[in-house]
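Labels run A, B and C following the written order; every chain starts at residue 1.
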């Protein structure tokens, strides 16, 4: 039997694998009809333990455009989850019905936990503040479609850099390519976390920080806007103070390069002025559309319908240790291990000796 | 590129276009298998910002019976709408995934707003108290299937004529055909609004009003029952007083013509006695069934799969003016313009000089 | 026109019919591709008036794997049910859209009520504390797949025997086969109801009762575990006292036969220790998977796509009497007749003179 591959974190795939993924997505865009029956008879199950309409639509449309079908729930309240079933049992049962599973979960590490008990590929469609890998793949593919490369680029990232997981993933992913540099633009309260900046320094990557769009936009190739999400704030006063400080306007766009592109994971609220929508540099809607094609390519790869992708590669595997005592257990209260006691704690030892939880990625102290 | 047509209001189609629509629906009823693959590979997206199971089922079954597929949400709570995305952005993104969109929204004019930013056909499946055009098309097609015509008929309309949008649309639609007359039967509190009666007078159409079913049922060809909906009332005492005054019983049916038909947009509560269900004149269940075939025909027309329908016609276009000052802006608090500030106010100037909002249809004062 | 058959209660099918059903399920498991287009163009409607993700997924996956499609709702809140439509009207309308209906309802007898007004087959997917027949069919098929027979077996049933409808149905169903015997294992508060024990005695069936797993597990062929469901208890203190008394552990499994099997309707909470999952006798996950194939077989039979099944048989029909006075009316407050006044009360007279409600099965006193 072929090994089952999953997509839990953006770096689960090597850059070579990503290149395969992006190339197939491009082929599908050029000739979608050729792929219209690749998944005939296959079933995608969408397990959305919290609502995320856009991500769900994108996956469902992707599967349908490949000829496949979808079952699922879009909301925990309309599921049996309320009866207290744990993630391992759910995925074990779903493995008997479906061919591939997409999981959105408010608890960090839940998709990872599912993958450990699954007989079918599991795709993480967002797990709390942890990861949202198909968004990152979409971001990369959109950049690549514009510039024909993923290296030697200057990437501005603006908005909520403290809580915004998509911005962290983008930095992680783009710093795997040569000679990229970053500009982090945010109000002081929402600065990029120190550990990410430290990692960049260790890798020898170039970055600078700015407080305003005017300060940072002038020479970037990619300007990645993010929303200041109210739900990430415990202090709503702080939210009110900072929410308007990073708004992109036509006026500020005059400072930007002529062939740069604006990206946004969407939904936006008011952080990009609607008059920019008609600017040729506004790439966020085509970015969203590209997300569907990336997911089509991903489904084909994980379902072993795109050549040798899943057979030959072990790049994403790292040595995992089962925790043996309290000291080695994850203390993150938002981690799936804090919510489901039957799971064994697992961690990964980095080269510098730091241990991170194999589910939620947090450092074990 | 072909022009994208939408269905926002019942009168968006000319009577000739409606005739095309009804004829195709009849053909599908006769030979459904011939149309079973017309929409292969197409995706319908159902955006139901408020639940309406019957309408949603009817559209979804219609698309599936044409070979197409469906993605969607059936409830605002299980959607990202809570994250504050506006209608234009939602439809722009959905345009990248799907081939046709059906929108149900509690806010008047929301489907119209969507259509202005959409690359795919938008169908209004009900927008608050404003319009529900596929119900009207279903009503007309059912009447036509019985009598072979839509003119020279006497139509009784009973129940909540004040708040019932389907009754207003039916009057609008039937008064486009020659020599129809109307009987409006309602308790005094729920009479047909004066402006509709005035319009009928201006057009030279015949109508009369009645307070009881006994008074009005005797010579009608069509008897259109509607529910007295509790949710339309601010004063629940008034609801209790009037709700039982318009109930159709087997006894009252004895006064009616032998070849008349009873219609109802459904769901009913108790306004039609169950013993009438076996009466050959009870057409409301086959009316509901016909709704699916009308929607199949509509989907084929809007998707350019039914001949020249969408290419040659401009009948539904009227000159729209962008509001330039406060005086020209819609003041309706239930209008989408009151809910989404990014939308430009738009209005339409009628022959008599009256301005109505292009979204919600209310007069601008 | 062929007679429409429904599945409302586990005993609606004769043992011969069940044998047909099980054989077809086995054939589908062996060669699923052969059945991948049997339901092309057919629509299953899932009417879930209360959520039950697993049952819904199983039916939806079953229909999709047969080439069919699904429309439905998974939650009463996102349906028009809130507008007060009754079950007969809903099924009448749905009959015009779909080819087969699956109904889950918190009110006992609701699927039966639907079947009386339906033009399409109705499948009961659980009606309150009354019945869940496809679970019982799944249980039987799983037992049959292991032992090659449904007679001459010893069946232990453990957990909530008082409220657990699946255990009652299993006893009913297995006592139709020769020479089976039962062991009922439960805390005193949750014993098998007296009327079921009485019936077994009348039929001359062997059973015994036990208070602990250790006492009852040693010589059974089938060990059927059930969850102690909190929602069945009015007294939560009682729940806390009894919930842990029936937990199956690896230690207790040492007392069991080597070729017995463990079944569970799932979801489980903690009543089966996770370490048992790797025991070859743990059959509950493959039982769940088999559920999908049983439902595929059931759909084919009810849709007249599996030979003469639905044409030749009248086994499930018993003489029903319409109630004529208060004394003959069902008094069960959880019965659909207590919730929808338009329904005629109907009862069935057993050989011993006892009358039971035709909807909810309760004795009329």
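Basically, contacts are C-beta pairs under 8 Å (C-beta built on N, C-alpha and C of every residue); 3 or more make two chains touch, one makes a residue touch a chain.
Here the structure is a predicted model, which means the values were calculated and not measured.
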{"item": "Rotation angle superposing chain A onto its copy chain C by C-alpha atoms, nearest 5 degrees", "value": "120"}
{"item": "Chain B against chain A, contact positions shared by both copies (same if over half, else different)", "value": "different"}
{"item": "Between chain A and chain B, centroid-to-centroid distance (C-alpha), Å", "value": "41"}
{"item": "Touching two or more other chains - residue numbers and ranges from chain B", "value": "75, 77-78"}
{"item": "Chain C - residues contacting chain B, complex", "value": "41, 43, 45, 69, 71, 73, 75, 77-85, 88-89, 92-94, 96-98, 342"}
{"item": "Of all residues in chain C, those that touch chain A in their complex", "value": "33, 36, 51-54, 56-58, 60-61, 64-65, 70, 74-75, 77-78, 229, 266-269, 274, 285-286, 288-289, 292"}
